[in-house]
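Provided herewith is a single structure, encoded as structure tokens, for subsequent inquiry.
Here the chain labels run A, B, C, D, E, F and G in written order, and each chain numbers its own residues starting at 1.
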Amino acid sequence: MSLPSTAMLVVILVTLPLAAATLLFASGRQPRTLTLAAALLLTFAALALGFNVHLEGVSVHRIGGWAAPLGIHWQVTPSGTVMLLVTALVGLAGAVYGAGYFLHRPGPEGRMARVFMPLWLFAWGGLNALFVAADLFNLYVALEVMTLASVALVALSARRMALQAAMRYLLAGLFGSMIYLLGVALLYGQYGVLDFDALAAMLDVEDAGSRAGAVALTVGLLAKAAIFPLHFWLPGAHGRAEPPVSALLSGLVVAAAFYLLLRLWFGPLAGMLTFGAGTLLGVLGAGALLWGGVLALLQRRLKMLVAYSTVSQFGFAMLVFPLAISGNREPVLAGGTLLLANHALAKAALFLAAGTLVRASGSERIGQLVGFSGRARWAWLAVILASAALIGLPPTLGFSAKWLLLQTAVSQGAWWWLGIMLAGTLLTFAYLGRLLELALLDPAPGPSPPPVLTPALLVPALLLALLACASGVWAFDFELDGETFVRLEPGS
Amino acid sequence: MRAPPSPTASDPGNGDGLMHPVEITFDALLLFSMVVLAWQGVHARNMFRAVVSFIMFGLLTAVAWVRLEAPDIALAEASLGAGLTGALLLATLGRLAPERRGARRPKVVKLSTLPWLTMGLAGTTVLLAVTLTLPAPGLGEAVLAAMPAAGVDSPVTAVLLNFRAWDTLLEIGVMLLAVIALWSLGQDVLASKPRLPAPALPALVRLLFPLFVLSTFYLLWRGGHGPGGAFPAGALLAAGLVLALLAGAQVPERMRGAPLRWALGAGLFAFLVVAVGLMWAVGTFFAYPPQHASILIAIIEIAAGLSIGVMLTALFLGGEPTDIKGGGK
Amino acid sequence: MSLPPGTLFLLASALLFAIGAHGLVTCRHLLRKVLALNVATTGVFLLLVTLGRSGTAVDPVPHAMVLTGIVVALSTTAVALGLIVRLERRRP
Amino acid sequence: MSMLAGIVLIVLGLLFFLSGTVGLLRFPDVFTRLHALSKADTLALGLVCAGLALHEDDGALQLKLLLIWLLVIVSGATCASLIARAALAHGIRPWQR
Amino acid sequence: MRQFIAFEPCIDMTRLADNTGIRRFIAGLPALGARVAVLAAIWWVLTGGGASAWVWGVPAVMVAASLRPGLGSGGVWRLSLMGLLRFLPVFVWYNLRGAMEVAVLAMHPRRRPDPVLIGYPLRLPPGPARVFMANLINLVPGTLSTRLTVRGIEIHVLTASASVTRILTILERRVADLFALQLAPSAGLGSQR
Amino acid sequence: MTAAALLTPWLVLALLLWPRSRRLGLALAAWAALPALLLALMPGAIPPVHLGPLGFEADALGRAFLLFSALIWWLAGLFGASWMRGRADRLPFTAAWLTTLGGSVGLLLAQDLLSLYVCFALASLAAWGLVLAGEDARRSRPAARLYLTLMAIAEVALLTGIAAAATVDGLDFGSLTASGAGGLALTAFALGFAIKLGVLGVHLWLPPAHAAAPLPASAVLSAVLVKAGLFGWLRLLPADPTGLDTWAAAVLLLGFAAVFYGALMGISRDHPKQVLAFSTVSQVGLLLAAVALGSLDDRTVALLAGHHALAKAAAFLGLGVLASASVGLRPVVLLGLAAAALVLIGVPFTSGALAKAILEAELNAGGWSGTFKLALTFSATATTLLMLRFGVLALGYGTTRTLTAGLWLPWTLLLMSMLLAPWWLPGARGPASLSLGQVWPVLLGLAIGYGAMRVTWPLPRLDGVVSPVLHRLTALRLSRIAHAERWLLRWTNVGRMLLLLALGLLGLLFLGA
Amino acid sequence: MTVFYLAGALFLLANVVVALARVLRGPTAADRMLSGELMGTTAVAVLLLLYGATGIEALLDVALVFAILAAMAVVTFVRRTWPEDPAADDEGESR
């Protein structure tokens, strides 16, 4: 038995979510078998794709058979494949968790259960479409699918705070997309192409209009990825949404915007990145790392803490820019991609476990969480493992990622960035340690008949966290051989 | 005896032909009033004034598209901008509590650097854009070269439904997603139930409705070889349906629930079936065999157009139609 | 009168973008924010088509992009308006 | 001949548009302004349509112009009634000298 | 007077299933034919004819003729050709005159409107003709219909004068001709308010 | 065998996860160190083990440390099983215990930088859970926080050092020492291990953590984990410290400063555990001095470490036995404690005396000035004073429990191994010969102590002043930050930021070209 | 001829700009709505004149769409924004 072709797998990955979502919506019921079958199929497709890419490397697919500048291309890059894979894992975990989480909730939550899965699948489809896209405008549309689905998911929790956060998120997301589109307009006006390869071939790095376009693309994506001074929408949206939603948003949606930044700056715009610009982006990252970390330290609510930790972690990822300008890009980019993957798995696990803990405790306050007892201990275990991955303790994926970045920083003699990274790691230590300390020291009794924590509420988070920890061994081994599997520019 | 199109006068931006002063004045005035209306639309003291200004801004934008030789966009802007966007905004305004839609407290004018900086940056960007030096061939020639195999005669339709059909599919997805998102918020909120209207309104709608339907088909048909296509057609259909709703019509009971939802999903579904079916039949995603291209595109166009109409109406409704027993009929 | 082609439109699109972006961040009323966003989006669309016109043949790709963009903008606006109304109903 | 007649009609239409605008600005209340709009503007558009139709030699296009005019007339007349009625219902009293 | 156009009834989709629906459908077939004819004419105007246009046109006209907005029936439009011929010149003249009056009033430096609300008891029977009349009033000199009540119609008059009532009477008669209706006996002049 | 030693703690830990196997896991927890002990005792070469990228092997240095470490782990584990019986937090405590044990064994066997780092991280961070389990939450919580903070800094420093070293030399120890890691790696390692070792200056975590943790945990912290810092130092710092020569004097000075500082602080405490903790600070100073001398071979350093580990563990566990002993048994237990104290002081015929003798010999051989020798001599006085204070406080230590075999048996075993240490510890050469130089400082100490007991202790407690001020300062800053965040969340400011960002980026794209 | 059409369109545009004063001044919401309606009608005329100038038939379609949607805004306004229910009639400044 041979695996399906890469093209077939990509088609499955991008169309199946949309088709399944439409079917679910139209049928109006919540056939869980269909949902889970779709999620499983998508996961298998992503796994098979990963295998194919491992064997074959980068591949390009023309949609509709139209050649380069006219039609749209899909590019299956190794880094994109990593993201697709992670998306599938988080997506599957979230689907299982969501099915358990929204089950048996009276009142308006019945609506939640019905709408959650179509929206989830839409977001999934948007993400998949984004990770294979190699076309400026197609990316815009995929971004919009992703954003709109995310906003709707945030608004799912019908509380006023959540609605406010959703509104802010929507406006911020649309603002970001609009600025992105401005960049697309400027670049299209200059070169008349949208395709990445064609753009890369034509790009005049000295040209003023192109620079303006690149800046617009970047700023728009920075807003969408909630990078430090523009993180205004993130804590609310991620902190107030329902837990599975937060997991998706924090783990994947933000990462997708960031991935796009990498894809652009180390893809078609590669020649344009100057030392100064890279340093500025790095400074933003440093700010995010410290600022987000300190604020996470200050939070009193569990999910807000996790949300601010996202702000902080993406600051870490931003350090890829300064490190990659001067010196060997490949390990840095590999580190960046691994960082995204690690963050996706660990943060999703953290949010899912947080949701379970909040449900078990009946309160979101960190001081009122139930302790390491009963079934909640599995959630705590997931929290501990995910924390280890986020901090970057060996042998987690986070360690492998930070290792690559650290080594680059050391070999470049970039003490400044090194210090920032170390400080950020310390902060991560601090706020996660504080969480564990408060919760493990002062276990609250929890509601008197303890809520039933079904396996669906426990297993996904635990598996994701385990994956984040275990995959580090593999990734590290892989990296040590000096073989990088991350290429953002295909064909080059 | 129609006036022959004059290349110098009808072509405001094209290459070496100088524009006639009247044209320049027209454009200047048009754009000036757009800018004024835009400012009003954002900052007018009275919320209603802002909304009306914005609607008028939409009307003028359609004219601007005409000036830019983009009749396709003008059609879409006309049908969406003049029809649904305005209706949506006005309906929303009606749902806001009175004190929230009324006057804004006179603001103390503060000297802020923000507007100036914004303008400056935007201006800089545009200046940069103006100084474009490279010849920008665009994809016009490529599209022209591919037109014989496109299955339609209208280049814009060819781009939308053939060359870049994947974008369009996702975009229909965005629309369906918007419907799901709105419906996920709860049942229809915008459908307030004011008293039955004066008899003139139902009469008007009864008269116009067949015309709406007819024009929808007309625009669909036009889409094959000229400006038109699924978007303006769907928008027009939606406008007709919304008008009927405003005149007191209810969503038919047997349409509620599954049939309505299937109608909403039909456009995206048709797209997906064709795209994946082609993958299965031809081996390439969205690759129309040239001999069947036009019929396949027509099928997609009809399904998408009708579905867009229903989706836009659903967007106006703002929520899943409530049970008819709750209605005030 | 020898303005470069499309200058007026470029200028207007920049102004619209600026007005919209400025309005989005300064206005407090959510409805105004939504309107501002739409104004700014229109500015971007104008820019896209105007810049796409400088070639020799009429380029339908920007037109298609703007059409797509308009539909996306309308959909998102509808969602935003729905959210505003919901928020209104949950006002404390 | 029809060329000239068309021009005349169009110019007349433009003047009626102008009068409608002036009326909209000068008249004292909603109802009187509605008069200005519903009468002057619809006729003005009719004149412009007629003028253009005279310049046109395709029958279908001429009829299309007529159709456009009819649509505007129908809408304009109905809308005038609707607004007037709503204004009255809103308690706006007509201006009186 | 020969019946010229009958717009109503058409297919009521919601009642197609039951027996009465079918019976009504058959009874309404001529009216449906008239509707189809008018819509087909409009389709021709829109598209300018041509074979490819009719491939779309036939289903389009069918669909347009059979769909209804679900607002109930507004009554039957039975128009008379002779009535139309008599109505049109009157309408065009009044429309022109109305526009002129408004234009003069607007442009004249000193003249101001002298508006007043009057009631006009309609003699047309209730139904589409009344609505038609009410809308028509907006297009003719100096009048603006504000409210249609059971008894009559409330009209905003731009400049109060006796000619208004005369115009309305003439107009009402022409509308009656157009719709091939008989007017009810006169109910006297409108009263000033 | 290596694999068994490495994996047994983890297997037992896994048993704890399921309710069904939990009892078994709790029962086995104390014995999880046994395979490691057996490994240390096994003769001949033992093949290395690889777990993924991590490599482990029991080489000479590792075995030397493993011997006493595993012994203490085992005995303290047995003690702990009784000590923690009936406590609600026994389960998390045991989990933390096993994790720390796993890391601790692993780090002694690690054969490359990465494994060493992984195991260090595991041991240090899991020990946080041990500190947390202290009886008095008001003390253990801040202590644990402080511990975690410093350990985090140490981890980060180690990570830096490893990254720096690996960039230059790769991950193997062999290649590392050959070419000499860069200054950054050296500094980072020094800082990291200094924190773990509790060197004066970065010892802040040590006294509160030792004092707050439950007794068995204090025993392993003080006896094993602190020594792990020393072990890391031995492993990674260049064997031929050409670069170290210049600051060996400084390190020596630091070491002796710690000896007296620890004593001084210790005698001002009023809890026996605190006194023991400061005694550790003090003894670590001696160990540091031994390393700074640079000419000692690994086995000798291991001997010094093992001596202190056994004595300190015996002291801690003895305190627990004392607290459980009935009135009749108290004199016996006090006798045992006194033995441990004497060993620490270094009276003749103990391992302490042996340690002193070794140090003295090295000081002589290195040609160090008399000041250091004098300091070494007076260190015994300082320790005597500390032990006196400890004895006085131990006399008043309350009886709260009942003595079980699970408590006294391990302690007795420990005492015996402590007393016999001069003969069985690796590198031991029998007790040093009796010399007056080892006796008179002790007598001096006894005299001073006797005199001082007549007056009150006037020494100020420095840490009571520093931490509230620090706390104030951070609280102020944090509220500022929360305020600034609210500023950042405002739309207008978002606009400003966005604008500045765009302008800056644009400008830098032009400038850098 | 083209110039004539364009000039006509320009005239109409200027006309509309003048009429914008009504949007600004109100005073009632209905007045503002009237201005919008005027804009709609005028836009149809402008499009027709532009059609005259350029001969692009699609402009007639745009005009047709405008014409068919002319009532849209007013109907929504009357039915939703300015409902006839006097209880809801509290329009802030617009009175």
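In this section, a residue touches a chain if its C-beta (ideal position, glycine included) is under 8 Å from a C-beta of that chain, and two chains touch if they have at least 3 such contacts.
Owing to the predicted nature of the structure, the values given are computational and were not obtained by experimental measurement.
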item	value
Shortest path length from chain A to chain G (each step joins two touching chains)	2
From chain G, the most remote chain by mean C-alpha position	F
Result of counting contacting C-beta pairs for B-G and B-D, higher pair	B-G
Per Cα centroids, the chain farthest from chain C	F
Computed distance of Cα centres, chain E from chain C, in Å	41
Intercentroid distance (Cα basis), chain D paired with chain A, Å	57
Between chain G and chain E, distance of the C-alpha-averaged centres to the nearest whole Å	24
Chain centre separation in whole Å, for chain F relative to chain D (CA means)	94
Contacts with two or more other chains, residues of chain A listed in rising order	137, 141, 144, 148, 151-152, 155, 158, 182, 186, 188-190, 192, 208, 211-212, 216
Residue list for chain B, restricted to those that touch at least two other chains	2-3, 67, 69, 72, 93, 95, 101, 114, 118, 121, 124-125, 129, 132, 136-139, 143, 163-164, 167, 171, 174, 177-178, 181, 185-186, 190, 197-198, 200-201, 203-204, 208, 211, 215, 218, 243, 247
Multi-chain contact sites of chain C, meaning residues that touch two or more partners	17, 21-22, 24-26, 47, 50-52, 54-55, 59, 61-62, 65, 68, 72, 75-76, 79, 83-84, 86, 91
List of chain A residues in touch with chain F within their complex	172, 205-206, 208, 211-212, 214-216, 218-219, 222-223, 229-232, 272, 274-277, 279-281, 284, 291, 294-295, 297-298, 372, 381, 393-395, 402-403, 406-407, 409-411, 415, 418, 422, 425-426, 429-430, 433, 437, 440-441, 473, 476-477, 480
Of chain D, residues touching chain B in the complex	2-3, 55-58, 71, 74-75, 78, 81-82, 85
Touch list for chain F against partner chain C, complex	491-492, 494-495, 498
Partner chain A, residues of chain F touching it in the complex	17, 52-54, 91-92, 114, 117-118, 121-122, 125, 128-129, 132, 137, 141, 144-145, 148-149, 152-153, 155-157, 159-160, 163-164, 166-167, 184, 478, 481-482, 485, 488-491, 494, 497-498, 501-502, 504-513
Complex interface listing, chain A residues touching chain C	137, 140-141, 144, 148, 151-152, 155, 158-160, 163-164, 166-167, 170-171, 174-175, 178, 181-182, 184-186, 188-190, 192, 194
